[in-house]
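Please find the structures below.
Two complexes, one shared chain (chain A), two partners (chain B, chain C).
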Partner chain A sequence: MAERLFHAEPAEALRIVPLDDFTLVFHRPSGLTHLVTAPAPEILAILAGGPRTRDALLQRLAEAYDLADPSPEALDARLAELVAAGLVRAA
Partner chain B sequence: MSEQDETPPAEGTTRRRALMLGAVGASAIVSIRPALAQTNASVINCEIPVPDAGRAGSYIAADGSVVPAGTPGAFPPATFAFKGEDVKTALGGGQLPGTTYEQSQAYVKYIRRLQSGTSGFTCFASLQMPRG
Partner chain C sequence: MRHVFQVRIGPVGFRVGSDWRAPVARLEDLYAAYPRPEDGIPDFTVRLFAARPWRRWLRPSVTLGGDFVLPEAAPLPLSQGLLAAEMAMNLQMALGQRRYLLLHASTVERDGRALLMTGLSGAGKSTLAALLAARGWRLMGDEFALVDPETGRVHAFPRLVSLKNGAIPIVRAALPDARFGPLIAGTPKGDIRHLVPDAAAIARMDQPAEPALILFPRFGFAPARRPLGPSEVFVRLTQASTNYVALGERGFDALTRLVREVPARAIDYPDAEAAIAEVEALWAGL
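This part shows the complex of A and B:
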């Protein structure tokens, strides 16, 4: 399960607009707009650089940010939301 | 001793902003479907339970807060979820169906306090959107 690779949607499929406390993500293929909060934009930004496993993603997040709760379970929950929203694919 | 401020990166290090992966009980994503954003029909058909399923059975105080069942002066939960259309009418000064005046006022205050991640929030948020 930890070996699954998570892919971001291609950059041209997304229009990302950071607002004050939220980030708007327009997904062109579906026409859906997603209002996301941290850590979703940070996860999308890292995955935009290439697919990663959950563990590799967690490691990268921990390098880039001061993680208050470096929990694999919490990251799984956030990834599941992104997959359900259609912004990330798991393979 | 503040560590979470976005201080400029020190030499040889990257900026490390504080980040929480797991906000308890809160989803990081609210999705807005085009149909909900653009058509009256979807707004009219969406529903707002009072209170939300996570607090089913709790009473609603006159100020809209959720209080334990049986609290004196508070109102019992609504027996059915309100339709977006009914809520829109109530937000404009009308009364929710099947409620007394005071009960409707308390429920409307509850609905106005809905937060992201609570069931009914997306419906309430869509009622606030201006229509072209």
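This part shows the complex of A and C:
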């Protein structure tokens, strides 16, 4: 079975505004406002460049953001939250 | 509706219709200095009608109505007809306003810059606004701040200031020459008395102001002040807004701009005097 790919919503569907430790994400199709914190904005930024598998995403996060302890389980949990919020699709 | 009253408060025109003369007469008296809606066309219609046809004569009570209706809006005794009219006007604004982002906040202005005060009921925002007006600030409103999504500026909505319980004697002492409505005792929020905004507040109600400071006051605590980050202010103001969700992306733009550009503080205060001193000190330090 092929590994699942995670897709960001199309760029025009999101308004992303960093504030402080939190970042606001306005989701145009639903009209919902999300308040997210690291690593969610970083995940959205990477997926905006194209769909990735969990492992490819983890590798890119570790390279780009100097993660002290890259944990696949933690990333799974964050991805599940983003999928539940409608900001990321898994296919 | 047998009796009709029309008024413009800031950019919003109202038409209040009532089955009774008394609330309309009271509104005409207290809003005597205000203009009528532009072109005679109101933005909102408010109706005060009999809960039952026969109740106009027997134990009269007033039921709120309008273009937008909350089913749980409870009938109020006719002696509270003025309060019912004010509540109905607020309700229409809260439910139906689409042009401005509505924040449940009192607003005063000095030198073209606005101070917004928001918080839970009982935080003292109406009292503080009235006391600051007594010190020469322009009262822009005690209930709603209207944020224009296009410009980021705050528009005034200086309706009657609703003072409750202990605030009534404090504000009367600070503004001995001001006009007040009748004491309305025994409302769901206790005793209420309305303060008529002064002539400057009415004459200048079409002048918006740049927001300069957002305060979250809390009455009844030892003096304390705490700066608030933009994300905490954002969350608190979505809770203080009645139409953030309804405005969609325009609301998002207006609110993100506000929290990024305007500093915010939470202040605790034991009495009005301490609060006024704190506000003046914060304002001087901007």
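FYI, the second predicted complex is superposed on the first by the 89 of 91 C-alpha atoms of A that agree within 3 Å, B and C clash if a C-alpha of one lies under 4 Å from a C-alpha of the other, contacts with A are read in each partner's own complex, and residues count from 1 in each chain.
Here is the rule we use: a residue touches a chain if its C-beta (ideal position, glycine included) is under 8 Å from a C-beta of that chain, and two chains touch if they have at least 3 such contacts.
In this text, all values refer to a predicted model and were calculated from it rather than measured experimentally.
Peer 1: Give one of first, second, both or neither to describe whether A:L35 is in contact with chain B, with chain C, with both, or with none.
Peer 2: both
Peer 1: Between chain B (first) and chain C (second), which does A:D20 come into contact with in this model arrangement: first, second, both, or neither?
Peer 2: After superposition on chain A, A:D20 lies in contact with chain C alone.
Peer 1: Can A:E3 be said to touch chain B (first), chain C (second), both, or neither?
Peer 2: neither
Peer 1: Once the shared chain is lined up, is A:E12 touching chain B (first), chain C (second), both, or neither of them?
Peer 2: In the superposition, A:E12 contacts neither chain B nor chain C.
Peer 1: On chain A, which partner touches more residues: chain B or chain C?
Peer 2: Of chain B and chain C, more residues of chain A lie in contact with B.
Peer 1: Considering only the contact definition stated at the top, list the common interface residues of chain A for chain B and chain C.
Peer 2: 31, 33, 35
Peer 1: For chain B, which residues count as touching chain A in their complex?
Peer 2: Interface residues on the chain B side: 3-4, 14, 16-23, 27-34, 37, 116.
Peer 1: Mind listing the chain A positions that touch chain C in their complex?
Peer 2: That would be residues 15, 17, 19-22, 24, 26, 28, 31, 33, 35 of chain A.
Peer 1: State the interface residues of chain C toward chain A in the complex, per the touch definition above.
Peer 2: Against chain A, the touching part of chain C is residues 229-231, 234-235, 238, 245, 248-249, 252, 256, 259-260.
Peer 1: In the complex formed with chain B, which residues of chain A make contact?
Peer 2: Residues in contact with chain B: 31-40, 42, 61, 63-71, 73-75, 77-78, 81-82, 85, 87.
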